[in-house]
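Below are structures written as structure tokens.
Consider the two complexes below, in which chain A is the common component and chain B and chain C are the respective partners.
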Partner chain A sequence: MMKFLKLKPNVGLLSIPYSLIFIFFFFIPLTLTFIISFWDYNEYSIIPDFIFENYAYIFKDCLNFEKDICVTFKTYLSTFIFCFITWFFTLIIGFFVAYFLAFYVNSITWQIVLFLLCTIPFWTSNVIRMISWIPLLGRNGLVNDFLLSTGLADAPQEWLLYSGFSIVLAFVHLYTLFMIVPIFNSMMRIDKSIIEAAYDNGANGLQILWNVIIPLCKPGIVIGSIFVITVVMGDFITIGIMGGQQIPSIGKIIYVEMSYLQLPAAAANAVILLALTLLIIWIMTKMIDIRKEL
Partner chain B sequence: MLNKKNKTYYICVFFFCLFVLFLYGPTFTIVLLSFQGPDGGLTFPLNGVSTYWFEELWRGGSVVDIGSAFKRSIILGVIVMVLTVLLSVSAGLAFRKKFWGSDTLFFATVASLIVPSIVLSLGVALQFRLLDDFTKWLGSTFDINYINEFFQTTLGMFTSGLGAQLTWTLPFGLLIMFAVFNRFDKSYEEAARDLGATPWKTFKEVVFPLIAPSIIGIALFGFTLSYDELARSSQVMGAGNTLPLELKGLTTTVTTPVIYALGTVTTFVSFSVIGISIVCYIWLKRKRG
Partner chain C sequence: MKKSLTRRNMLKTSTAAIGAVAGAGLLKGFPAIHAADAPVIRYLGTAVNMGDAVQKRLFDDTGIKVKFIVKTTDEVVKTIFTQPNSFDIVDSEYFSMPKLVPSGNLLGMDTKRIKEWDNVTSAFTKGEVAGKKIGDQGTAPKKVMYLKGAKSKEFASEPTQYVTLIPTVYNADTLGIRPDLIKRPISSWAELLNPEFKGKASILNIPSIGIMDAAMVVEAMGEYKYPDKGNMTKEEIDLTMKIFTEAKKAGQFRAFWSDFNESVNLMASGEVVIQSMWSPAITAVRTKGIPCVYQPLKEGYRAWAAGFGLPSTTKGRQADICYEFINWYLSGWVGAYLNRQGYYSAVIPTAKKYMEAYEWDYWMMGKPATADIMSPEGKKLASKGEVRDGGSYEARMGGVACWNATMDENKYMVRKWNEMIAS
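Right, the complex of A and B next:
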């Protein structure tokens, strides 16, 4: 062992086990998904073939403009809307939390403690964090109790839970951290003397924020946005639980098709979802070089 | 200056406190509700105080076999943790220099974090299904008795489930290693090398103690992310479900605080692991300093 290492070992070889995992559980599965999206299937098995039916089926009725918008486009539209609203709120909240941590907390120890405070929920169960909204938002939940007792509402509000509202709320609750971390990281790299210079030249707080801090945080904002948008794009669990299994999403279509063993159909949907996600990321990464940001 | 304690400062403090309340408040309510009496329901008001629902959970009561799901989750979590540490630390060391395929591997790492989990889960499920078909074909073609009689599926917690979870935990591990080595002072290492230490010895005596606290961080990510992982493993766990998968099923069927009791227990496990990690981290940092 010692002797082997003395012979100028090629350190690159150390990446082999890591690479093998990614070849076997990332490259091959995604390639197979692409291939199988062109296969045929029946109730029992998937049949090697080269057909476009799986894709055609997804967009069946979509080019018929006389009818209402097709189910596929409706689902995509609804998912995009969730993406956008979630992105908006996580960005605003994440930015200001990071801003507070980076610029208003002076001691490094406190910075770490408060940062950890924001991070710890990320290491706990998402499902638990979702169901923990039930006692608050449910028909007899705390929020409704409050609304009824103060007379702000005269009947329990049904839209609080198992609705688009609760879905967005859960997304923001679960994923704001994805914005905080990269934005905080960008902010910590800002040279404080730049801010002082702006201040000395008479810029007020708002001007510094808008003209100095936000432009310098752009990489962090982009990375955070990529995380949030991709995680919402492919979601089926949060939308399932918080939407009371009533609201469609792209991820849920795939999930349902899999449970009926319509694997090639699911694969076709997965390919489209992946292509869309990559397109969004590609557009966003045009703005920055991720590798420099670590 | 920005750090003056003016009005904006207090607004920011207030905002931050609200955010923390938003993060922890709901979890706190279910912990509270899990300690209700036997008449308790899913919402407030609290009906008495007891540990009834924990006993109910312990007995198994109306719920599926939570005990074994819990055990499975812990075992898988530990395995994922160990593999995440070993593989991402070694890959992190490799990445300090450019090597053949390093750009592709980096791309795969980032891509794996952002590829929709359901897509990856589907891919792995398809792969193992084909593997099953292939194994069965082998069995019937070459008349291999063992396969024909006993083989059921290659899909399972420690095959496809483990792999799918690793595609989620490894990127975090590697990115932490990147962050560590970007700030790493190479002069210690060079000094060791100049004094004639072998690469292995340099790693063991110099590099490892320096990165040890960060390795705790990687271990924390490895365990907790596996322990709570749901989307990627949803299609590939085979026969035995992990705790999060059981929990997801329970959200639609269980209507008693037993689910809150379960939530309290898993949250407690997560918090213990986080607490232990933080203590270890601080201890290692102190020891080094």
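Right, the complex of A and C next:
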């Protein structure tokens, strides 16, 4: 105990580098983004001001229910749907991959090898990945060739590429890893004797999974979900490439505004996106106290 | 204990892997060093028309080295605004000038220091090709060429000694098609929205250029005749976007593209059979052995033009090196290199000296090739007997209908374009 107390001042010192990084690369940029979202702008400069025009424009027509649903709501709605579907599939697949790695693979070497296999989607650049989907899913691609030659379809299936389907496919392909790692981490912390105790008390495999393993994996599941949801909320490259640039994303709107130097408008969009993402994370952390579980 | 330690290692490995993935995108370029004896020029631009051969030749001829800072068209403009000292020379398009010049970040270029200035093509200086006026809707170079002085932020309507950019390269753009999949002649921009090509058309997702292609289509369909396609009113933007939104909702487009390589892949894979395209993309599809035509259309071409500018802080030795580089660039070797890619050099007589007679006849005169036509990289572009799409320089540049543009209502246009993408 005394030893710990002696160490205390050093702990304060040790936290300085991280605090500095946090302040300079997180807090200050974010504060600037927030401030600039109230500025005015023209073709070539941003003008210090305090206006709500940038925010007002984002929600323009959104409260007019006689017209079609406004662009902002439509974009967020489509992003939320992608988020949900991607989250659902990455969770199911990620959970069972982690389960397999944690409980069925006993050698640490094999666990590492199999883990590295999961990172393969990240070994190539976005452009290469995009190009490689075309020969597989395209009009003249392998999947369509197979469907046509076996008579399962009589015309090439166009929804396979540049569609919601291909976007979800790419997301799941990429981000399942973000689910696997934290869930695997949680699973490895489960004391094996708890499972044995459940077994000794007559629980069957399914009951152990549902009543013991899943509750104990909750922190991993929530952390993985936060990873996946934040990444999908802010994504515009995958949605752009796999959706043939025909499906909207908030990220793309921000990107276009930035490239036309409409920085205050982009900042306003970024603030709203950040607020919504934080809201989702806040709700998820309400479900489980991550700090306590870690 | 042992178990938990190894688990730690395991996690370290996997976290490091994720970290490496996340960090991979961050490591880009660092500043060039200006050594007194080996001048290095930091060249900001899209560099789509530049290759290693240019750097090598430049070094052999002048001892100057070039370090490319490669960005997309829009990002080049953004860099000039936000990091005006991060480059020594910029290769920019004329349509960015109405935005860039008022910022004062670019230097007025002194034409007295350009050896070949008097030989710069009249398409730039007067808006004429072979003595005939060409289309000047949009930001035609002659409108934004001259400045009132070296440090001026205003355009001059009459020729002066100072210009915004020293012209280098330009071209007349049109639609690219797959003749083997379309199997009938195409002669109008209106075909882009022809329901016959439903799900097989594409347009580029760069608003400032896409809107011009869209306007060519709308006018060709007979829906509306713009007083100036390159400077639409809000109502005209609404109308144009409405027609494209409806087509998009009806499933006309297979995809939109924003990256040069995407357009090549869409076309080469047959996902798309008609789309907005750039000249080198056509070349890239053709060198794969896939037929692809840069189809001349009766309504004319959408032209673009680029040139060199210097940051306003340039002076002394740095300015000398940059002017030397520009003079070398216009002295013919690069001109021939650009012409062989299907672009046009701003100084035509010097480029001619570096081209073989049969090459000149094919690229510039629109005559049938008397020998196989090769790209600068030595790949075959056309066989003996073939004629260039669109024909001669005079036929192509003479057929220009409008130029890439920055509109007064640019802000509104970008927002409407985003809405179309989201629809």
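Heads up, the rule we're going with is that the second predicted complex is superposed on the first by the 254 of 294 C-alpha atoms of A that agree within 3 Å, B and C clash if a C-alpha of one lies under 4 Å from a C-alpha of the other, contacts with A are read in each partner's own complex, and residues count from 1 in each chain.
Methods note: a contact is a pair of C-beta atoms (placed from the backbone, for glycine too) under 8 Å apart; a residue touches a chain by one contact, two chains touch by 3 or more.
Here the structure is a predicted model, which is why all the values come from computation and not from measurement.
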Touching partner for A:L142 - first (chain B), second (chain C), both, neither: first
Contacts of A:M258 with chain B and chain C, given as first, second, both or neither: both
Partner chain in contact with A:P156 - chain B first, chain C second, else both or neither: neither
First, second, both or neither for A:G164, with chain B first and chain C second: neither
Residue contacts with chain A in the superposition, chain B compared against chain C: B
Chain B versus chain C as contact partner of A:Y199, first or second or both or neither: first
Touching partner for A:I28 - first (chain B), second (chain C), both, neither: first
Partner chain(s) touched by A:I134 [first = chain B, second = chain C, both, neither]: both
Partner chain in contact with A:L114 - chain B first, chain C second, else both or neither: first
Touched partner set for A:Q245, first chain B, second chain C, both or neither: both
Footprint overlap on chain A, where chain B in one structure and chain C in the other make contact: 116, 127, 130-131, 134-135, 138-140, 241, 245, 258
Residues of chain C defined as touching chain A within the complex: 6-7, 9-11, 13-15, 17-18, 21, 72, 74-75, 77-78, 81, 98-100, 102-103, 199, 205, 207, 248, 253-259, 261-262, 265, 269-271, 406, 410-411, 414-415, 417-419, 421-423
Chain A contact footprint on chain B (complex, rising order): 1-3, 8-9, 12-13, 15-16, 19-20, 22-27, 29-30, 33, 41-44, 86-88, 90-91, 93-97, 99-102, 105-106, 108-120, 122-127, 129-130, 163-164, 166-167, 170, 174-175, 178-179, 182, 198-200, 220-221, 224-225, 227-228, 230-231, 234-235, 244, 247-248, 251-252, 259-260, 263, 266-267, 270-271, 273-274, 278
Contacting residues of chain A [partner chain C, same complex]: 43-45, 57, 71, 74-75, 108, 111-112, 115-116, 119, 122, 127, 130-131, 134-135, 138-140, 158, 161-162, 177-178, 181, 185, 188, 240-241, 244-246, 248, 252-253, 256-262
Chain B partner contacts - residues on chain A that touch it in the complex: 1-2, 5-6, 9-15, 17-19, 21-22, 24-30, 32-33, 36, 46, 93, 96-97, 99-101, 103-104, 106, 114, 116-118, 120-121, 123-136, 138-142, 145, 173, 176, 195-196, 199, 205, 208, 226-227, 230-231, 233-237, 241, 245, 251, 254-255, 258, 263, 266-267, 270, 273-274, 277, 281, 290-291, 294
